[in-house]
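Which chain is which? They are A, B, C, D, E and F, in the order written, and residues in each are numbered from 1.
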Amino acid sequence: MLKHTLITTFILFILWLLLSGHLEPLLLSLGLLSCLFVAWLSHKLALLNSDFQTLRFNLNLPKFLPWFFIELVKSNLDVSWRILHPTLSIQPNISTVPITKHSEVGKAVYANCITLTPGTYSIDINSAVIEVHSLTKNLAHDLQRGEMSKRILALESTSAKTSKL
Amino acid sequence: MSKKISLILRQTCNLIIPAVLLYALYVQFHGDYGPGGGFQAGVIFAAAVILYTLVHGREKAQRIFPASIIRIFVALGLLLYAAVGVITMVMGGNFLDYSVLLHAPQHAQHLGIFVIELGVGVTVAAVMIIIFYALDEYSD
Amino acid sequence: MIIIGWILLLLGSAFCLIGTLGLMRFPDFFSRVHAAGIVDSLGAILILLGLITQTQDVLIIIKLLLILLFMMLTGPTAVHALARAALLDAKDKNSNNK
Amino acid sequence: MFISATIAILVVMLILLLRAALGPTVFDRILAINTFGTATVLLIALFGFLTKRPDFMDIALLYALINFTSTIAVLKLFRYGSLGKAEDE
Amino acid sequence: MLADYYNYWVVIILMMIGFYIVISDANLIKKIIGLTIFQTSVFILFISMGKVDGGTAPILVDTLTVYSNPLPHVLILTAIVVGVATTALGLAIIARIHRAYGSVDENVIHAQDEKQEKA
Amino acid sequence: MGIETIINLSLLTLLALSAIVLMRLQNLLAVVLLSGIYSLLSAGLFVSLDAVDVAFTEAAVGAGLTTILLLGAIAIIGKEQTVSRHGKLLPLVVIAITASALIYGTLDMPIFGDPTAPIHAYVAPRYLFQSGEEIGIPNVVTSVLASYRGYDTLGEVAVVFTAAIGVLLLLGKPNK
């Protein structure tokens, strides 16, 4: 537990430095105190619990972000084209996407990534599937192929899944 | 379809609330250099606590921020503010004239402003949280 | 750098406008969410990236990146919560009518 | 160039206001307000650059952080009829 | 001419809308919202008066010399927080009224009062 | 007309529009939601009028608190409320007279942004040009709030404190 709190404090302190940009000893010590206080509170509130430690920013992140950005642009262009098209060719429907291997945080990240790409958004979630509302049938099929799921799985560290058991 | 709060919402809030809490403290301590200060920091801190209450329920929130202790903080902040005024009077200045606190007047001003902003922040945060609790408990 | 910023800002504003246009054109709530999603995702991303190219101040770049990060966290979550509440509400109404 | 983006955001705001006024359901209004928050963040960020003092990002950052609090509150009220009720397991 | 006085005129429009809601709507919560609009219009009036052409925000930087007037900002900054606190007090009173009368509609409340006086 | 003027004018117009929409809506929940937009717009306006500290407060208060407190009150009285009206004519006459008197009054105001207006003549220059030496912090608003006008701020905090006491007296449960 102490280890988790220390890691939390460290991450919060980096955030403080990014926010503040002041390097005077007074503000630095105040920042350290604030970070300790917030880390203590988060521990008490069970906020940044062990789940979040599973999301290590490993080497797959630089690979994931450009891929995700391209997907984002593609889906944006697709939806924009449909909006501008005079006939509004849309067939809204709800389908399910399986999510078996993800940790709790991984599920949340996955669902948020689905929502971030226009054309699909997660409407409900349970332990096995995400219900997805999509603007056209094709977009849902793309998701069910599971490319994004695989890539987000690669972001989670392998030790996490064993510790969840 | 249960009445449970969605997992996504819970996880995101768990990630955001520490950031909001830290941001509140950042605003509290950087009021000298940019926009911000005790009033804003207090409100942001209260917003974080309210967000926690929304997602995890009042019972859980009151286990860590009990109303009885928040009530003490409501008065504590104001007392801290007023105490600075009394101390300056004891040290031979006017009420809330910080320059007598230390030898160098600029440093004394810094110290005085820091302490009273802290008092303002504590009172505002506590007041907003206690008002939210009171309204919410009344709706049961 | 300045020209890249131009393009990013203009594209971002264009996407924002298209998104809100969709918000008016789409027939029901669940499809309007898709249209609003354009403003929240690519519109905001392009404008903020465009702003990042326009300054040399590291602190401001960091703050813009933080704004982007937190928007990308809170935006989809709010949309999800909203859509879920709307779906549950629609289901409730259906079961009441039966 | 900042000018055109700013004007675009102002037009977006006008349309969103229209959507919020028309409704028809509560959820449409909430959607409009949520997007309005995004537009405000962008407007404030752009304005910082327009006035050549872009050190007011703090306000935009604040909105990015806590704008969804009120959205969650409305949804909670709508679903549970109370703000502080804990979830039913 | 338009830009010279536009702020003041919008302030008056907002103020009158707030006033109209307060005197014409019977629902007490909507009256509170009307008061909030009225309050904001006063804030805008103060802040508009503090604005100086070509000035920027009153946070001192070596390169700038023209700043807007900080005094209204100080007044309004505290007024906003005090405004929320008093709004909350108003809402608390409305909650008690609702418990006593079972309604927050002024017409219903008056009708009940009159009934009680007759009895 | 500079871009700042255009932004100022359009934000004001949007504010007026949203207030008119607010006035006409009858569903209470919709009114509360629209007041969220009203608050976002006024925060934007405060930024454009150089009042960053005020905008910051409005942002924190409007996004985080006012809406939630109003929703808390709606939770107490029930969400299916609609608003009924008193008569329309008398209030309209009253506000028409008040508005015309006020608009007549604005013609004597100093024009918007005039640097020679009386408000800028007395204490403001002293705060702006000497607070840097006297207090030593760049944000003039903070130095006026906490140092020059510290006594006023103490009063404001006391008002907030009193409001909390009032809410607790009205709504709090008796001690167990």
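FYI, contacts are C-beta pairs under 8 Å (C-beta built on N, C-alpha and C of every residue); 3 or more make two chains touch, one makes a residue touch a chain.
Note that the coordinates shown come from a computational prediction; the quantities given were computed from them, not determined experimentally.
Looking at chain C and chain F, the chains that touch each of them are B, D. Of all chains, the one whose Cα centroid sits at the greatest distance from that of chain E is A. The central chain of the assembly on a C-alpha centroid basis is D. Centroid distances from chain F, each centroid being the mean of CA atoms, peak for A. Contact tally for A-B versus D-E: the pair with more C-beta pairs in contact is A-B.
The centroid of the Cα atoms in chain B and the matching centroid in chain E are 24 Å apart. As a whole-number value, the distance joining the C-alpha centres of chain E and chain F reads 6 Å. A separation of 31 Å divides the Cα centre of chain B from that of chain C. Those residues of chain B in touch with two or more other chains are numbered 1, 6, 8-9, 12-13, 15-16, 19, 23, 27, 33-36, 39, 43-44, 47, 50, 56, 124, 127-128, 131-132, 134-139.
Multi-chain contact residues of chain F (touching two or more other chains) are listed as 52-53, 55-57, 60-61, 63-65, 68-69, 72-76, 138-139, 141, 145, 153, 160, 163-164, 167, 171. Residues of chain C found to touch two or more other chains are 19, 21, 33, 40, 59, 63, 66, 70, 73-75, 77, 79-81, 84, 88.
By the definition of touch given earlier, these chain pairs are in contact: A-B, A-C, B-C, B-D, B-E, B-F, C-D, D-E, D-F, E-F.
Every residue of chain E that touches chain B in the complex is listed here, in rising order: 57, 59, 77-78, 80-81, 84-85, 88, 91-92, 95. Taken in their complex, chain A has these residues touching chain B: 8, 12, 15-16, 19-20, 22, 27, 30-31, 34-35, 37-39, 41-42, 44-45, 47-49, 51-52, 104-105, 107-108, 111-112, 122, 124-125.
The touching residues of chain E, counted against chain D in their complex, run 56-57, 59, 61. Listing the residues of chain C that touch chain D in their complex gives 5-6, 9-10, 12-14, 16-17, 19-21, 23-24, 29, 32-33, 36, 39-40, 43-44, 47-48, 50-51, 54-55, 57, 59-60, 63-64, 66-67, 70-71, 74-75, 77-79, 81-82, 85-86, 88-89. By the touch criterion given at the top, residues 1-2, 4-5, 8-9, 11-12, 15-16, 18-19, 25, 27-28, 30-32, 34-35, 38-39, 41-42, 45-46, 49, 54-55, 57-58, 60-61, 64-65, 67-68, 71-72, 75, 78-79 of chain D touch chain C in their complex.
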